[in-house]
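Some structures are shown below for you to check.
Next come two complexes, and both contain chain A; in the first it sits with chain B, in the second with chain C.
Now for the complex of A and B:
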């Protein structure tokens, strides 16, 4: 079967913030650049980002990149690489100002500067007091950012392939990445993109969890493709959770609800937070609340048929207060839980929000992998940026508003590195003879299998396994049985069957292909989480508690290292954290407390 | 609606930027879309082409259709009333 080949200098997979930012660098350098996206670019999940982008512009009060660096290292619970973190925070101002020049309508101060607002974890003078560092465009920061960058790309002649799904990375015999296979959804046609540079900017994979704030599009396609091409995935045990998402839907309930007097209750209607945090009660910090909710559910005091959620009760509040102080909450309850929160409590669970781990990269955006004793050997021709990549700047926990900064800085950096490598003059390497074979075989297997597993049921089994066994608060025995369960789900995910055999617009096939990516991420997460026997940042284990010897359960002597999950044989190795910044002294280890 | 047109529309409903829309539109395709008149179905196709925030503000009642969007009104009303079901 002859497969069409499209030749480009570079292909970028994903048209969210990181993809669009790197495309600008390539197209403006005069390189022939293609961007593949499952949806129209301004419908990427970056649109959902509201909090802003961190940059120590100092427009509202004194600020410094070094303070931002400190907050980021501390937020990461010292698992972030300090060279990459210094690189990111020092590039922040330049990237934000560039974005402004692209036409991004940032909120402004009266004297015309970019307005900056406070955000949790942003501090001045190395953790001393809060500082205003977040730059935003009303409640549409991500949306405005995408529009500005999309228009810049149109001007620079970037070629967009919209409603195309990338299928597999193409590597030659020496391991160089020479392009990707992709499918045009409108026709079902598989095409080879033969390139000199391939950049992944495919976003996160939050849909591995049953309760997730992520849109349905976040299926970890880049991570799945990298894993199938033998690239290990880094620090996949670290996922940021939010305590109160609507059970079964994932839509966020703002923490303001507890601030206004909302009470968490279990199946006996007990206000259980009194037992876990006698003083702060329902206003305890995110991790304490999430942990208490999980314990209640695990010990059989959850609500509903499956006893898998708790209740957030505001029925005792004056309805006028609810409508005035918590706008939109009643609508969210009605739309996504079928509950009128004025009369009944809302079902809530800790909900997955952000993926800290990903495809291992250097801060230049080049993908790295262990080879012959070198932990960070570059995979030639391959780059990654944004949530799918692990630079690693977020380490074990991301600082708020650093996600948009990550995609700007590392999107640009990956683009610049690709330009630099391509300007060195390397021609297209030859395509392997079997370049599209793996993708065609996967599609053919899904199309022709009889008696296979149902995609929806398999996805649900994966999501429930991840939620119950590797959620926000983790237990050694649950992780162990979770490993067995996810490997069982993996068997089903490798045997998917679909009823619709059409070529054109076969969404069933697309969802099956997405499922094959999701399972790679789910497996990497479960096995990496089971293996890390300490608590650090967002990875909190019941059997690694807070003790004088190990504050917060963190064990630096044994576990100050990055996990590398090898998808080929499900093995795990580790690599050191880079504690050496580029120009300043290392931020020394200490207990993370706020 | 032809199969191909429906499946294209379906993809544009189930892969949005905002989770709220993924859930609401998926539910509506399963439970309400078939009952729309041909004219309403055409309006729905145009409605879901709106930017995510604009569409969500209409469905959640934070904003109302403007004069140019009068033909969206019956569809938006139906979307607002669409029965609640938990998403996968």
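Now for the complex of A and C:
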């Protein structure tokens, strides 16, 4: 069977924030670039980001990138690489100002500058008190940002392949990445994109959990493709549970609500965060707040008939402030909780939100993998940015508003690195003869299998396993049984069957292919979590408790290192954390408290 | 809400096997936690994986799951299932070619959006910091920038049905005014020139279906009126 080959300088997989930011660099540099997306670009999940993007612009009070760096390192529980973190926070102002120039409708201060609000874990003067660092467009920052970047790409004549799903990474015998296979969803046609640079900007995989703020499309496609191509996945045990998802529905309620003065309360109306984080209170880091909420619920102080949620209260705020700064939240409350937050508090629970780990990258956006004793050998031709990548700036816990910053800074740097490598001028490397075989075999197996596993049920089994065995609090024995269960689910996920045999817009086939990606992520998560025998950031286990020897259960002597999960044989290795920033002194290890 | 059976009549068409589209009668049992139409579609699809529709964020910001619900365009994820008369009749958005089931070909819709140059035009060299804009000037963009390009409005507009290739349609015109209203944009005249045509702008006959269906509560008719006023003001 002959498969059409399309030749481009570069292919970008994913048209969310990171993909669109990369595309601007490549298109404006005049390189022949294809951007592939499963959905029309403005439907990518960046659109759902609400509260803001971090930058130490200092528009409302004094701020400095060095303070932002300190907060990010501390937020990461020291697992973030300090060179990458310094790189990111120092690029923040430039990247946010660029967005403004693209036309992004930021809210404004009285003197016409970009409006900034406080956000969890962002402090002035090295952890002293909350600072206004989150640059916001009401509570629709992601929407405003994604549309502005799409519009900039329209101006730059970027070539989009809309509603195309990438299937597999193509690597040659020397390990160079030479393109991807992809399927046009409308027709089922498989095509090879033959390139000199391949950039993954495929987002997260929050759909491995049952209860998630993530969109249906967040299925870890980039991680699945990387894993099938033998690239290890970094720090996959670290998942962020956002403190405030709408109870039941899972829809996100921005931390900006607390930034504007919102307070979390338990069944006796107590502002319980004062007990857990006396200084930052409701604006402590997300992992800290989610654990506090879960503890309140577990100890019987939850609200409602089943005492299974807490309340987010903004009834004390001026209704005009709510209508001006948080209009989208009011809509969400009315739509998904049946609550008008001007009059009544919102029911909220910690909900899976963000994947800190991902495809290992250098801060230049180049993908790196261990080779011959070098932990960070570049995979030629391969770049990644945004939630699918692990630079690593978020380490064991991400600060709110650092995700939008991550996709801007690393989207841009991945684009710049690709431009630099492409201008160095090497020709297309030859495609392997079997370039499309793996993808075609996967599709054919799904289309033709009889008596296989049902996609919907397999996905549910995975989601319940992840939710019960690798949630906000983790337990040694539950992780062990979780490993067994997820390996069982994996067997089913390798034997999927669909009833839909049509070539036209076959969503059943798409969902089966997505399930094959999800399971790679779920497996990497569970096995990496079981292996890490300490508590750090978002990964907290009962058998690594808070002791004088190991405050918060963190064990730096043994576990200050990045996990690398090797999908080929399910083995785990580790690599050192880079504690050396680019120009400043390292942020020294310290016990984390807010 | 409790467990309940809900009846549907759904437009089905698979070009690979159907000679013509047909309406399928089907019912599904919903859990108490199923509030929205999209929850019901997810349940239906679990029973029959051939049912095809677009969906993504399930919270009304991505604009994927627009469809015609009991005769009115809307987003499945923002529509309360218990407020719909049964059988719930689901059809693809009207006026665009159907690819399969509830999935339409949106090429024409996006072509019109792209035709208005949907990006900020400012030819001054960019300053080091942000361009300043007063809170009042910024407020002019409220009700304009929040569009999610779901196409509920344009595909509810008779003028767009008749001339989808010539009339920009409410979504595209709302976007055009979003840039005209932006104090940072310098291309107002060029943008008005672009719309000065018997069809592109002036086919709007203020039927206001667009306002009626917009799931984000936006008002394209008002924005179109403002563009028309500017045209008139410019002519005198």
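We adopt the following convention: the second predicted complex is superposed on the first by the 488 of 594 C-alpha atoms of A that agree within 3 Å, B and C clash if a C-alpha of one lies under 4 Å from a C-alpha of the other, contacts with A are read in each partner's own complex, and residues count from 1 in each chain.
Criterion: a contact is a pair of C-beta atoms (placed from the backbone, for glycine too) under 8 Å apart; a residue touches a chain by one contact, two chains touch by 3 or more.
Keep in mind that this is a model prediction, so the values were computed, not measured.
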{"item": "Which of chain B and chain C A:334 touches, first, second, both or neither", "value": "first"}
{"item": "Partner chain(s) touched by A:503 [first = chain B, second = chain C, both, neither]", "value": "second"}
{"item": "Touching partner for A:186 - first (chain B), second (chain C), both, neither", "value": "both"}
{"item": "First, second, both or neither for A:103, with chain B first and chain C second", "value": "second"}
{"item": "Partner chain(s) touched by A:292 [first = chain B, second = chain C, both, neither]", "value": "neither"}
{"item": "Which superposed partner A:388 touches (first chain B, second chain C, both, neither)", "value": "neither"}
{"item": "Contacts of A:264 with chain B and chain C, given as first, second, both or neither", "value": "neither"}
{"item": "Residue contacts on chain A - larger count, chain B or chain C", "value": "C"}
{"item": "Which superposed partner A:346 touches (first chain B, second chain C, both, neither)", "value": "neither"}
{"item": "Set intersection of chain A contacts, chain C complex versus chain B complex", "value": "39, 42-45, 47-48, 140, 143, 186, 215-217, 248-249, 251, 328, 331, 335-336, 456, 502, 504-507"}
{"item": "In the complex, chain A residues that touch chain C", "value": "39-40, 42-45, 47-48, 96-97, 100-103, 105-114, 137, 140, 143-144, 147-148, 151-152, 154-155, 186, 215-217, 248-249, 251-252, 328, 331-332, 335-336, 455-456, 498-508, 511"}
{"item": "Chain A contact footprint on chain B (complex, rising order)", "value": "3-4, 7-8, 10-12, 14-20, 22-24, 26, 51-53, 60-62, 84, 86-88"}
{"item": "Residues of chain C touching chain A in the complex", "value": "14-17, 33, 35, 45-46, 48-50, 52-64, 78, 99-101, 103, 106, 110, 114, 117-120, 122, 126, 128-135, 137-138, 141, 145-146, 148-149, 179, 182, 184-185"}
{"item": "Complex interface listing, chain A residues touching chain B", "value": "38-39, 42-48, 140, 143, 163, 185-186, 212-217, 247-251, 328, 331, 334-338, 456, 459-460, 463, 502, 504-507, 510"}
